[in-house]
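A, B, C, D, E and F are the chain letters, set down in written order, and residue numbers restart from 1 in every chain.
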Amino acid sequence: MPYTVTVRDHMMVAHSFTGEVFGPAQRLHGATFVVDAAFGADELDAGGVVVDIGRAAAALAEVTGALTYRNLDEDPAFAGVNTTTELLCRVVADRLADAVAGGALGPAPALTTITVTLHESHIAWASYSRPL
Amino acid sequence: MPYTVTVRDHMMVAHSFTGEVFGPAQRLHGATFVVDAAFGADELDAGGVVVDIGRAAAALAEVTGALTYRNLDEDPAFAGVNTTTELLCRVVADRLADAVAGGALGPAPALTTITVTLHESHIAWASYSRPL
Amino acid sequence: MPYTVTVRDHMMVAHSFTGEVFGPAQRLHGATFVVDAAFGADELDAGGVVVDIGRAAAALAEVTGALTYRNLDEDPAFAGVNTTTELLCRVVADRLADAVAGGALGPAPALTTITVTLHESHIAWASYSRPL
Amino acid sequence: MPYTVTVRDHMMVAHSFTGEVFGPAQRLHGATFVVDAAFGADELDAGGVVVDIGRAAAALAEVTGALTYRNLDEDPAFAGVNTTTELLCRVVADRLADAVAGGALGPAPALTTITVTLHESHIAWASYSRPL
Amino acid sequence: MPYTVTVRDHMMVAHSFTGEVFGPAQRLHGATFVVDAAFGADELDAGGVVVDIGRAAAALAEVTGALTYRNLDEDPAFAGVNTTTELLCRVVADRLADAVAGGALGPAPALTTITVTLHESHIAWASYSRPL
Amino acid sequence: MPYTVTVRDHMMVAHSFTGEVFGPAQRLHGATFVVDAAFGADELDAGGVVVDIGRAAAALAEVTGALTYRNLDEDPAFAGVNTTTELLCRVVADRLADAVAGGALGPAPALTTITVTLHESHIAWASYSRPL
């Protein structure tokens, strides 16, 4: 996938973690996640793009919109799991993959991968990559 | 105050806001605040500094350490007020001013002002300035 | 105005400059301007804000939306002037001031100033400040 | 290619796109592209480098210099194609590969790949990778 | 390694380079290196993490702490080699790999790779990747 | 000075500090300083600019060029003083002021102030402002 196109959005959530290793993060706290979604492709379409940036941004905004301004501890989708930065990378990537499969980005036959990066601060971030 | 020295830290909190204008932010959610504390001075001391950067960073870390990994809705210091980004700028600035008055930065007689900026995302931030 | 709240947006324009000092920028070229609008206030309102960030972002989006994806050389508003980065800072600031005066940000009686910064690249930017 | 060295430059261009999917970007508009060129190598040379950063920066400046302050719609090299961000990534990468082949970076026998990233705004960028 | 977690730190060193290609960098000079250490893993552990971010940050701080505020020309570890940005990427990565092998990050059985990036300025950086 | 125009450059220096408060920074070490020079003006000139960005960048490059790739401990200009980040802000600002007075930026009668910011890392920076 020599080509990638990336769009950025963000979400602001509350959550807490289970496990002594998390120390003070076991308490209810929160995070702004700046979210980068990178779509990979082997070639450009006839218009010269990997994917339309407007559509990609809209698809990402729909995914972050379902998570932002919420307490993730109360979201049934996350029952029994820690909503760590790396776990949320996978959740966002999987939901975007579903959107792609559902046609949200148009035909987009050339898309091969998606990589999602969540920045939790200026000094820590995580990512998850998967095929499409 | 022709001179300033700024140090950066961050904190990760949960909170909710009261008031219809806040829309979905009325729900319990969270934020990473990247915090910049700028100390202003009219002149440099004999060593050539506004303030020792190590001491300034330590003072800021103590202030953010008392707020991070917490649900601000449960902190008695914020009973009855919205812990908006701009309000928290003032809280951090006032606590740093107290630390300066208490000698946390050394003698530091030349310090004249402090400006605190909190970045809540890559597209929004706030600041508060006050004299020292 | 001890408090400020800043929101960020962007616009992508074509334009050319008149005057030998501009060298190659006399040719038709273009720029992405990342636009920061900082609203200043002397005090917070009863809800604890300078201005609602959602409303501020919407007001800025309306101003950048009227300029983006255009050739500024063909915009009658700029006939006979160079649409330099610093000139566009003033244009955005003045249009935001009109929006504030028109109630776009709500009552907002405490707003005192607006500062607009346009980043034309990672190594150059300009700003313009005015009272409200 | 365990090693990479990256240098950054920028270019400011006007252009327009053909195709309804582009919406308002069908109009003549412009962009600042902040351009990152990453050179990959399997090992360091005797001096301890992938490539001399000064030479790499000069080679990139020559490529961006031939594109900046221009209306790409009038450049014969782009007749009949949309100069999208991802297409321009490939153009810059291919021209840098030609420069490497022509000796612009010195012997540089260890160079294996080049990846070019163009940032069109603070919320969107694209990249293209190819072997050398 | 679909997952990565990255932590950032920095170090401030003096050094000089041997070799005419380095031009003025043959003189004793210095650099701030902003250091990003990315740990890769094939899967998350039971707690939902690649590696505990606190432990990763502490391991990185120990490595940068042994290098910062020093003249690398006088460090026996670098006798006869140029401490270029790319060479230092490998040094930091290898020392982190030793720390991982020594248990500094806990059991961490899923870790597969480490990539270290050193930013020497806003316009140049390098990286080195290796298996764990 | 409602208007400002800012240009960015950098310099890479070695130095050491005298005074116990500096701790490990008393040893010979180094820094990359990313340097922002902001020129302030009360009004735009007939061409619509505060100052030509090309000329401003060239003036800044001349000032940083005289400092970069050097050991500041051996520069007679700094005998007996600590070349702290805030001290170097003033040095750069004063040298730019001399350049302005010498006509390096053209007539530039409207320039009123200069503010120089030096970023020593991603978590610390300083600035100095003076009239022109």
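Just so we're on the same page, a residue touches a chain if its C-beta (ideal position, glycine included) is under 8 Å from a C-beta of that chain, and two chains touch if they have at least 3 such contacts.
What you are looking at is a predicted structure, and each value in this text was computed from that prediction instead of being measured.
Any chain bridging chain B and chain D, meaning touching each of them, is among A, C; the list is complete. Superposing the C-alpha atoms of chain B onto chain F requires a rotation of 120 degrees, rounded to the nearest 5. Seen from the Cα centre of chain A, the chain whose own Cα centre is farthest off is F.
For this pair, chain D with chain E, the centres built from the Cα atoms lie 27 Å apart. The geometric centre of chain A is 30 Å away from that of chain C, both derived from CA atoms.
Once the centre of each chain is set as its mean CA position, chain A and chain F turn out to be 40 Å apart. Looking at chain C, one finds that residues 8, 122-123 touch two or more other chains. Residues 2-9, 44, 47-50, 52-55, 57, 106 of chain B touch chain F in their complex. Across the complex, chain E is touched by residues 17-19, 21-23, 81-87, 89-90, 122-130 of chain A. Of all residues in chain E, only 8, 10, 12-15, 24-25, 27-34, 68-71, 120-123 touch chain F in the complex they form.
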